[in-house]
Structure formats: C-alpha cells, structure tokens
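Got some structures for you, see below.
Okay, so chain A shows up in both of these, paired with chain B first and chain C after.
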Partner chain A sequence: MVHLETESLAGTQASVIFNPISADYDDLLLIVNAKSSRTNSPRDNLMMTFNGVGGTSYGNQWLEGTGSAAYSSAQANTSSIQVTWALSADFGSTTAGIYGSTKIYITSYRNSLNKSIISDQTAIRNSTDSHSAIQGSLASITAPITSISLSPENGSFLIYSSFSLYGIKKGSDGVTTVS
Partner chain B sequence: MAITKTYRPLQTLTLSGSATSVTFSNIPNSYSDLILIYNGTTTANIGVSATLNGDTANQQRTFMYGSGGTKDGGTGGPREVIYSSTTMTTAIVEFLDYSATDKHKMILCRSGAAGVITLASINTWQSLTALNSISISPNSGSFSLNSTFSLYGVIA
Partner chain C sequence: MADPRPTKLIVDCSTGERTVVELTDEEIAEREAMAAAAEAERVAEEEAAAALQALKDSAKAKLIAGEALTAEEADVLVL
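Entry: the complex of A and B
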C-alpha cells in the first residue's frame, strides 16, 4: 500500500478533487476525516463522483446504527455516491475537534467493468451520539477511474478536514499459490 | 485494516471463466494478518463459505446485514465469510493473527453489493493451527468470469 496524496484543509472548502490518479495500482483506499459546515444537523453525507460523471451512474446499499436503532436503505440511479453519515457537522452541540471518519475501498479502479466500492463510516457528534454505517456502492462506469471528487451534501468542508488516498497493488510473493 | 500497516501482495487470481471454488495454498506465516479482497459476481445472490486448512467444521459466526429496507442480525452459516451477488460485489475479509498456534483465529468480514446487501460478520475458527490454506466457494452455483481474488499479508 503506497501513500499517493493527502489534502489537509487550511480553511473552508467546497470540494476536494484527486486528479489525476496514478494508473500504477489496482485498488484504491481513501481515508476521510472531515466535518461539514452544516448547522441544522450534527452529521452529513459525503458525496463522491468519479471522472466527473454524474447522471444516474451510481447506487448504494447501507446498514446504519444510531446507538439505539438500526436502519437499512438503498439508493439507485443517483448522480453521485452518497457515503451515508460519513461526516460530522458544525451543529451547535457537536464537540469541537471531532470529525467524521470514513474508509472507502475502491476495487479494480482501472479495469473495464463497473466499479464496486465498500466503505465503513462514522459521523460522531460527541461521546453519546454517533451514527455508524457500512455500505456497498456501485459506479456504473467502465472507464478507468482517473479522478475522484468529494463534497459534503450540505455546505462545505471545514478547516482541518483531511483526505488521504492510497494505492494498493496486486501481485505474487512467489510462494503462495492460487487456483 | 489499520492504515499504518503495509500490505504485501501474496497472490491474485482473476477468473477467465466460471469457478466453483478458489483456493490459496502455501500461505507463509511471516505476516501478522491476512486480508482477502474479493471483487466479483456469482451466478446467484448467495453466501460464500470458507474452508480453512481443509477444515469444514470448527467455525462460528455472528452477523448483521441490511438488504433494501430490511435489517437483521444473528448467528449461523458458520463458514460464510462473503455474501456475493449477481451484480458487482466487493468484500474484505481479514484473518487476524492467522499464524498463531496459541489462539483461535478471528475473522472480520464485510461485503457490499449496491442495491442488494451490506453485510458484516465476525467469524471464529476454533483451531490452534497456523492458517496456511484458504478455500472459498459459493454455497451454490459459481463465481463468474472476471471475478478477482487478491490475498495480502499485513506487515505489522
């Protein structure tokens, strides 16, 4: 796993774009630790697109825990991937210094098939209020992924939000076999 | 899957046709954990079970899942480590401390297929033997063309 790029915000910013993305790897891992400027809720969704493609190219399925209940839901034919409850928000009672944490794994980003993504995310508000989710997503994009665009569903990313991209390469150690 | 650790690729297989099982063998014991990444489809929406060192018993599993608007959890399907779909599925299966000979092995599993299912489970393999072979197979049907299986060793 090789670190490709990290963006740590020095101020408020509407979106973060990784572009171009090296074609030297097989999978990508994106780590997001971020907060949005949304003020009417303690949490927000992270919206993600690839290659500038919108339309109806995306879908997802997630399972969410709120601390007292569980929910399941899916979306189809959306213009971006909603990474559900991936961001903390600038709600009045959100503890200062707390940011949502998200790990997004993108498999086979250079192949000619639709792209499949799995993610774990937590939008934490304080020591007693956080929503966590696991999610599978699909991008009906057969071109190699060359750029990733990220934005909050509401408002902008706040200062100190950070975004790190890693490349993962497949291969053989010459010992392990597979059949 | 701590990001401070380094993955070392051990072996990858991309299917050139369908297959009813995929087996990784001769896995060295020189890493702290193993991570199996699955990206593929199956001929049905179906659980995928693991046979470890040829052992088809001695596993337990607790799971939770969401499918459409339905959510549930429970125990059972003790060898299932992946749920695969006819649409593109990604799964991450982590075998923790897989070479230990003084503890049972913990296996963390997550599968996601948009519009079909999101599933997480923790499985245990009740064995004091170092894990050196992993075979996975759909509970019925087969893995489809272009499905990819990659195994990584994690360097602590």
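Entry: the complex of A and C
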C-alpha cells in the first residue's frame, strides 16, 4: 500500500478533489476524517463522485447502527454516492475536535467494468451519540477512475478535516507481495 | 459585505500541487438543492418518528386503561 496524498484543510472547503489519480495501482483506499458545517443535525453524509460523472450513475445499500437501533436502507440511480453518516457536523452539542471517520475501498479502479466500493464509517457526536454504518456502493462507470470528488451533503468541510489517498497493488504471480 | 464564494480544493496527485477554485453558479445551485433535499428528508424522518411514538404512547395508555385500541395503535404493538 502506497501513500499517494494527504490533505488536511487549513480552512473551509466546499469540496476536495483528487485529480488526476495515478494509474499505477489496482485498488484505492481513501481515509477521511472530517466534519461538515451543517448546524441542524449532529451528523452529515459524505457525497462522492468519480471522473466528474453525475446523472444516475450510482447506487448503494447500507446497514446502520445508532447505538439503540439498527436499520438498513438503499438508494439507486443517484447522482453521487452517499457515504451515509460519514461526517460529524458543527451541531451545538457535538464535542469540539470530534470528526467523523470513514474508510472507503475502491476495487479495480482502472478496469473497464462498473466499480464496486465498500466503506465503513462513523459520525461521532459526543460520548453518548454516534451513528455507524457499513455500506456497499456501485458506480456504473466503466472508464478508469482518474478523479475523485468529495463534498458534504450540507455546507462545507471544516478546518482540519483530512483526506488521505492510498494506492494498492497486487502481485502478478500469486506469491510476490508488492508494497 | 457579501459572504465569500465557496471554494473547492483540487489536489493534483501527479505533482502534489494544490489549487483552490471558486465554485460556479451551477455548482452552488447544486449544493443548495442537495442541502434543501437533505433538510426535507430530516424533517420528514423526525415527523414520522414523532407520529410513531405518539401512537405507541396512546396504545400503551389505552391498554393500561382497558380501552379499545384503533387498528393503527394495534399495528405498532403487534408485528
């Protein structure tokens, strides 16, 4: 696994875009620790698109735990991937310095098939309230992924939100491990 | 003074260069529409949760009092 880029925001940004992305790897791993400026809820969704493609190219299904209940839900034909409850928000009772944590794995990002994405995420509010989810998503995009765009569903990313991108390469002979 | 226009940060993974670009009017409109839809969804979820809780409270009170439940109230107690 090779570290490609890390961005820790020095100020508010509506979106963070990785573009272009190297074509030297097989899979991509994205780690996001972020908070949105949303003030009417303690948590927010992370919206993700590839290659600037919107329309109806995405779908996802997720399992969600609130600490007191569990839910499942799905979306189809959406204009972006909603990474559900991936972000903490600038809500009144959210503990200062707390950011949501998200791990997004993008499989075979250079091939000519639709792209599968798996993620797990937690939007923390305080010591007694956090929502977590595991999610599978599909991007009906057959072109290689050359850019990733991230934005909160509401408002902007706040200062110190961080975004790290890693490239993962598999071995070619079933034995060799490529770092 | 007007609020500054929102910006996006572009990270060039080939050079490491960072570029900050102001959002276009179209991008701002998309953001506002997305936020409005999210708020409508949040309000609808809160209203649905409150209605469900009210039904449960009513059903419980009637059970304790030995009164007849409505079909809606029975539904929230029996799957």
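The criterion applied here is as follows: the second predicted complex is superposed on the first by the 171 of 179 C-alpha atoms of A that agree within 3 Å, B and C clash if a C-alpha of one lies under 4 Å from a C-alpha of the other, contacts with A are read in each partner's own complex, and residues count from 1 in each chain.
Following the convention adopted for this analysis, a contact is a pair of C-beta atoms (placed from the backbone, for glycine too) under 8 Å apart; a residue touches a chain by one contact, two chains touch by 3 or more.
Since the model is a prediction, treat every value here as computed from it, not as a measurement.
*Asks:* Look at where chain B and chain C land on chain A after superposing the complexes, then choose clash or fit.
*Replies:* After superposition on chain A, chain B vs chain C: fit, no clash.
*Asks:* Answer with first, second, both or neither: which of chain B and chain C does A:102 touch in the superposed model?
*Replies:* neither
*Asks:* Is A:137 contacted by the first partner chain B, the second partner chain C, both or neither?
*Replies:* Touch partner of A:137: chain B, not chain C.
*Asks:* Between chain B (first) and chain C (second), which, if any, makes contact with A:84: first, second, both or neither?
*Replies:* So A:84 meets neither chain B nor chain C here.
*Asks:* Looking only at chain A, is it chain B or chain C that touches more of its residues?
*Replies:* B
*Asks:* Looking at the overlay, what does A:165 touch: chain B (first), chain C (second), both, or neither?
*Replies:* In the superposed model, A:165 contacts chain C only, not chain B.
*Asks:* Tell me the contact category for A:45 with respect to chain B and chain C: first, second, both or neither.
*Replies:* Only chain C; A:45 stays clear of chain B.
*Asks:* Once chain A of both complexes is superposed, is A:57 in touch with chain B (first), chain C (second), both, or neither?
*Replies:* In the superposition, A:57 contacts neither chain B nor chain C.
*Asks:* Pick one for A:153: touches chain B only (first), chain C only (second), both, or neither.
*Replies:* Touch partner of A:153: chain C, not chain B.
*Asks:* Rounded to the nearest angstrom, what is the minimum C-alpha distance from chain B to chain C in the superposition?
*Replies:* 14 Å.
*Asks:* Which chain A residues come up in both lists, the one for chain B and the one for chain C?
*Replies:* In the superposed arrangement, which is not itself an observed complex, chain A uses no residue for both chain B and chain C.
*Asks:* Provide the residue numbers of chain C that touch chain A in the complex, in ascending order.
*Replies:* 6-14, 16, 18, 20, 23, 27, 31, 34-35, 38-39, 42
*Asks:* Within the complex, which stretch of chain A touches chain B?
*Replies:* These residues of chain A touch chain B: 1, 26-27, 29, 31, 58-64, 70-74, 76, 103, 105, 107-108, 111, 113-120, 134-138, 164, 166, 168-173, 175-179.
*Asks:* Mind pulling up the chain A residues that touch chain C in the complex?
*Replies:* 4-5, 7, 9, 12-22, 40-41, 45, 47, 151, 153-156, 163, 165
*Asks:* Which stretch or stretches of chain B touch chain A in the complex?
*Replies:* The touching residues are 1, 3, 5-13, 22-28, 37, 39, 64-71, 73, 87-92, 110-120, 146, 148-153.
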